[in-house]
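As written, the chains take the letters A, B and C, and residue 1 is the first residue of each chain.
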Amino acid sequence: MEDSLPSTSPYLTAIDLLRETAPLVQCLTNSVVMEITANVLLAAGASPAMADTPEESAEFAAVADGVLINPGTPSAEQYAGMREAIRGAVGAGTPWVMDPVAAGGLVHRTMFLRSVLDAHPAAIRGNASEIVALAGHSTGGRGVDSTEAVIEALPAAQELAIRTGGVIAVSGPRDLIVSSGRVTWLKSGDPLMQRVIGTGCSLGALTAAYLALPGLKPHDAVLAAHAHAGAAGQVAARRAQAPGSFAVAWIDALYLLTSAEIAELTTVKESA
Amino acid sequence: MEDSLPSTSPYLTAIDLLRETAPLVQCLTNSVVMEITANVLLAAGASPAMADTPEESAEFAAVADGVLINPGTPSAEQYAGMREAIRGAVGAGTPWVMDPVAAGGLVHRTMFLRSVLDAHPAAIRGNASEIVALAGHSTGGRGVDSTEAVIEALPAAQELAIRTGGVIAVSGPRDLIVSSGRVTWLKSGDPLMQRVIGTGCSLGALTAAYLALPGLKPHDAVLAAHAHAGAAGQVAARRAQAPGSFAVAWIDALYLLTSAEIAELTTVKESA
Amino acid sequence: MEDSLPSTSPYLTAIDLLRETAPLVQCLTNSVVMEITANVLLAAGASPAMADTPEESAEFAAVADGVLINPGTPSAEQYAGMREAIRGAVGAGTPWVMDPVAAGGLVHRTMFLRSVLDAHPAAIRGNASEIVALAGHSTGGRGVDSTEAVIEALPAAQELAIRTGGVIAVSGPRDLIVSSGRVTWLKSGDPLMQRVIGTGCSLGALTAAYLALPGLKPHDAVLAAHAHAGAAGQVAARRAQAPGSFAVAWIDALYLLTSAEIAELTTVKESA
C-alpha cells in the first residue's frame, strides 16, 4: 500500500527549523570529504565542527547537537576518537549517525562498525551493500560502490532498525528509509551526484543535523535530510551538466532551496 | 581618535610585492581546510607546502618563508610536528602565525596553544572568543563560533600583543588588528564568507605569507592579508549569492584583485 | 628524430576505454589533495577509493585495479599503510604509481621513496627536480616547486626507467614520458593548472587509472593520462581566467572531453 504525503508533511517544514536553530554537528569523518561535509552543513544552515581526537571527542560530543561517525580512512587514533565521541554522545543524549562506509568490503572497519552497533545510533545511512553487510547478510560490495539493489536491503534495514531502535536509510536511485513499523521510499536526486565525492558522506552529516531538531520524529528527520540533499541535486542538474559545476550548484541549492521547492521536486511514498 | 589612511599606505601595495616574491608558506593546519588553504595561497600569489610530520617539520620551517600553526584537528603526531615546526621557525628566524582555533572551547588544544605562546608568534589570528580565551580571560565560545563581540577582545588582544611581541588580529564584522602601541580597525569582507569553511583558517596562512615580505612592518603585513581576503569577499559577493559559487568567486578575486580595488573596497581606521 | 603521431594512436582512444571499464583506483595520498584526487577520478570515469591504513591497505590493493602512492603529508601510520599497499599490489599484480612529491627537498620521505623503488612501480610521475633527486643526481628543489628544466631530467628518467622497468613521467611546460627504449614529449595543459592545488597529484591517480586498462601499453597509458589532464586544462582556460573557476571548469572538461578533442588539443612527439 502506498500513499502520497500532503505538502504540510513534517519533513518539508524541517528545513526552516534547521536554518533557525543552526544545530552544531560534530563530524568524525574520513579525510577525503571533510571539507565538503563542512560546506554542506554550512550551506544547509547548520554549524560544523570536526574535532575527532581521543582527547577532545567525548568533551565535544557532550556539547554538540549531533554527531557523525564515518570511518572512511580510519587511523588508529581516529578509531579511538570515534569510540570517545560515541561515549560522549550516549552519555549526553546527543543523537549520533553511523555511515558504514565500505562495510563488508573491508574486514577491520566492519568489525569496528559492528562493535558500536549496540550504542544506539539514531540513524545509519549507507548504500545497499553496506547495510546488507552491516547486518551480516553478505560480505558486501567492492569498495564504496553498491552492488546490491536498494530493495534487496529492506530485510537487513528492518533487522537493523529493530536491533538499534534507530532509523536506517539506504541510499540509491530511490532512497529507502526504515524504522520500526515504518517504511518510506523517497524519489529525488540526480545521477551526477555519484560523480562528486562526498555527496553521500555529507548526507550523513546533514542527517545528524536534522536529527538534532526539536519536535521532529527521527524518521521524519532522516527523510528531511535526504529530501533536502536530493532536491538540491535536481536543482543543480538544471544548471550544470558536468561534475565540477554541478558540485558548486549543489552547494548553492542546499543554501537557496525552499520547502515549497522540496515538495515540488521530491516524491515520497509510505508503504506499510 | 580615528584617521583614514592615504591610499599609498604600505598595506595596499603589499599585494604586488606578494605576487613578485611568492613566499613559501608551510601550513600545519587542520585536515578540513588543507585544500582551500593551499588554493588561497596559490591564488593570492604565494607558494603553499603542507609538510607537517615530526620528522620533516623543523627541516622545512628552516627553509620556508612563513609558517602557520592551526591545531583544528590535532593528532598526537601533528602536535609533535607543530612543536618541531615552531622550533625550526624560531631557530631560523622564520615568522610563524598561530590560529588558536576553538581555544577555550576545548581543554587539550588550549593547553597546547598556551604552551607555545612564548615562542614569539609573529601574529595570532582568531575570532573574539578564541583571543579572549587564549589570554585566559574567559573559557570562550562553543566550537569555532565566536560568542564575543570583537571590541570585547581588545584588552585580551593588547595583553597578548605585549606578551608575545607580535600582532594580534581579531576577525569579525570589522577586524581588529593590535600590536604594541597600535590599534587598527578594518572594514571589509562579506557575510557569505562565514558560510564557506576555511575562509578564516586560510586567512591565517595568507597572514604568514604577508609577514614574509621584506620591508613591510608586521602590523601592516597582517592588515594587508586581512584587506586582501576581505576585499576579495566583497568582489565575490557581487558575482554570487550562495556559498558554492561564492567560494569559487572568492578564489578568483584573490587572484585578480588589484591594490587600487583593495583601496576602494576597504576602510581602515587607526585609533590610538 | 621526431614524428607526429596519427590521430588513431592508442593514447587517444584510451579515454573511451577508461569510461567503459571504470577502473577502481586506491589512492594513498596526502591530506591536502584527497578530495580533488577523488573528484578527478570520478570526473574522468574511474572509481576512487582512499583506504590507506596499515590494516586495510594490502587487502584493498589486491582488489583494486590500480594504486597511487603519494607521500605528501606522510604520518608514520600512512607510511606503514603505503608499504602494505605496495606489498598487496605487487602480490596481486596490481600496477602502482609513485608520486615522489618533494623528493630531494626532504630527507625522510626521500629515504622512503628510494626504499620502495625496487618494488617495480608501473610508473613514476613527478616534476623535474623530484625525478632528478629520486635518481640521486641532485638534492632537488625547494618544496614542491621544480627548480630544474624538464630536459635536464632526461638522464635521470632514463636511469629510473631501466632500474624499475616502469614508465617515468616528468611534468612541466612540456611533459616528458620515458620508458626503456622510448621517449615521448607531450605539449598540452595551461599555466593556470599551477595555481590549483592537486592538479599534479591527481594526475598521478589518473595515471594509475589508465595503467589499469586492458590492452594498452604502459607507456601509452601514461601518455593518455597526461593528455587527458592537459587537454582538459586547455578547455578550462577558454572558460576561466582565474584559478577558482578554472578548477571547476577543469573537472568539467575531464568529464566532457572526447578523444577527438584530445587529438586536436595535444601535440605528441616521439624522439628516439
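The working rule: a residue touches a chain if its C-beta (ideal position, glycine included) is under 8 Å from a C-beta of that chain, and two chains touch if they have at least 3 such contacts.
Here the structure is a predicted model, which means the values were calculated and not measured.
**Student:** Mind checking the rotation angle between the two copies, chain B and chain C? C-alpha superposition, nearest 5 degrees is fine.
**Tutor:** 120
**Student:** For the copies chain A and chain C, give the interface type as same if over half of its residue numbers appear on both sides, and as different if under half do.
**Tutor:** At the contact between chain A and chain C, which are copies of one sequence, the residues are largely different (under half shared).
**Student:** Could you tell me the distance, in whole angstrom, between the mean C-alpha positions of chain A and chain C?
**Tutor:** 33
**Student:** Can you list every residue of chain A that touches 2 or more other chains, as numbers and ranges?
**Tutor:** In chain A, 31, 35, 75, 247-248 touch at least two other chains.
**Student:** Provide the residue numbers of chain B that touch chain C in the complex, in ascending order.
**Tutor:** 24, 31, 34-35, 38-39, 42-43, 47-53, 55-56, 59-60, 63-64, 75, 77, 247-256
**Student:** Quick one: in the complex, what on chain C touches chain B?
**Tutor:** It is residues 30-33, 35-36, 72-76, 102, 106-109, 142-145, 194-198, 240-245, 247-248 of chain C that touch chain B.
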